[in-house]
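Submitted below is the structure of interest, expressed as structure tokens.
We call the chains A, B, C and D, going by the order they appear; numbering starts again at 1 in every chain.
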Amino acid sequence: MTDQIPLNPDFRQDVTASFSKQGMMQTLKAALTDVEAGTVTIAAPIGAETSQQDGFAHAGMLWSIGDSAAGYATLTLMGAEERVLTVEMKINLLSPAVGDRITAVGRVIRFGRNLCTSAAEIYAHGPKGTKHVATMIGTTTRLRPE
Amino acid sequence: MTDQIPLNPDFRQDVTASFSKQGMMQTLKAALTDVEAGTVTIAAPIGAETSQQDGFAHAGMLWSIGDSAAGYATLTLMGAEERVLTVEMKINLLSPAVGDRITAVGRVIRFGRNLCTSAAEIYAHGPKGTKHVATMIGTTTRLRPE
Amino acid sequence: MTDQIPLNPDFRQDVTASFSKQGMMQTLKAALTDVEAGTVTIAAPIGAETSQQDGFAHAGMLWSIGDSAAGYATLTLMGAEERVLTVEMKINLLSPAVGDRITAVGRVIRFGRNLCTSAAEIYAHGPKGTKHVATMIGTTTRLRPE
Amino acid sequence: MTDQIPLNPDFRQDVTASFSKQGMMQTLKAALTDVEAGTVTIAAPIGAETSQQDGFAHAGMLWSIGDSAAGYATLTLMGAEERVLTVEMKINLLSPAVGDRITAVGRVIRFGRNLCTSAAEIYAHGPKGTKHVATMIGTTTRLRPE
């Protein structure tokens, strides 16, 4: 985990504003639930609208929420004028995502001058408790105005 | 690419039936456009409902469509009673997904007794032509009834 | 991390015996430095014999040590007659590997009936201290005698 | 595959010179066997010195050769003063590497201003013929003198 100090003191509202522009997050009914320096949590319901063929949450739903959590974790550390873009991201699925909702906790592993490494852990929550259902890691890049 | 002969002569209708049960594909307005032995193509519109914060298609939309294409490519080769599950899948993003719609062409690289490797190429189509926007590769597993 | 109890009470000597058969580990002058249930540490010198073109440790050296650490971490939990095989493994490089030696700490994230997920963190050690230089995650499979 | 024209007319000798500085490639007895614009082939023997515990080629040997092939494929397209560095790279293993030698064919998928995507296919060659044993894909970065 990074000990980088955020370059943008307004990172909380800027991350929140950016998140609200992601149509994909609205389609998935996802909500930002925590924004700290270097870590962001997003929650989304598990439901028929985001299922795969056997009724579990589609891995693409997990990946989408996890990618946004990992990317925004990186954005918390960037300058106000910067943007974040995912270069590559891998998911390892640990267990079928069963329950009421998932949370994805993104965190920054390396905050570089141009390239960053970030990760996300995905949990499913339901009546039977909480289960770690997927882990993601990938590369993001910092884009500055030209 | 595999030269495996499908174990299930009805693979086209079975893949189509399974696809229609994926709520996530309906939410993304995706359609199966080609189902052949070892390769499956899925198309989906690019729009505000699946955007990221800068207006491009969210990488999670690409990943979701590509994962279904890669997984169903594997399912075309399996026995009628088998199911497919993604174990892990990585995406490398090549270019922002701009245009009207994307297509994901999934294919089987290795069809093993239990573990398979499959890939998907994602293209964005628009007035300016077609662009290769992402490439995915991952592992799927064959699940048989106990 | 898993809380699985090892199936093989002799896992320490069996992992050590298996490690001694890896010609690749001898070529890299690697040594097993810790074998616990669910976690294994391997150390190897950084030197001209395993360099890349700029004098840093070749990423392939890191990957090789990390793959063995992650795989053997999984093997610590398996039955005495089982073997472990890597299905896929990804490395994210965080910093050039400069110093005297590296250590790779492998750990099990998911211990499944057939498929496991394991990870490794790679550190470089030198006069200037210890640096986290790479992180790996991948899938291994348990092979039982037929 | 890229249709980029190499920026450095002397790319063949520069790649060859760089390769000869990789101590890791010498340790693995690897040889550059083909250097073209956007694609590089490297061969290495399979032997006891690079085995894993069951006598197959260690996946780390395959990864190392494949990483160098993918990286040098990218370097063929760069300017004379640039260097290439692997950011992340994943291998999917398709079959045990049995035989006399392996070849890794690296190729460029995307040649960007700073970030490139490249891939490698690994083949094992022996008395029984040639087998596709692994496929790799990853991100490399172009480093220019400051």
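The working rule: a contact is a pair of C-beta atoms (placed from the backbone, for glycine too) under 8 Å apart; a residue touches a chain by one contact, two chains touch by 3 or more.
Note that the structure is predicted; figures quoted are calculated from it, not measured.
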item: Neighbouring chains shared between chain B and chain C, ordered by label; value: A, D
item: Maximum centroid distance from chain A, chain identifier (CA atoms); value: D
item: Chain A and chain B, separation of their C-alpha mean positions in angstrom; value: 22
item: Mean-CA-position distance for chain C and chain A (Å); value: 28
item: Interchain centroid distance [CA atoms averaged], chain A/chain D, Å; value: 32
item: Junction residues of chain D - those touching two or more other chains; value: 87-88, 90, 92, 117, 138-139
item: Contacting residues of chain A [partner chain D, same complex]; value: 87-88, 90, 114-115, 117, 138-139, 141
item: Partner chain C, residues of chain D touching it in the complex; value: 18-19, 21-28, 47-54, 58-61, 63-65, 67-68, 83, 85-93
item: Chain A - residues contacting chain C, complex; value: 90, 92, 94-95, 109-110, 117, 135, 137-139
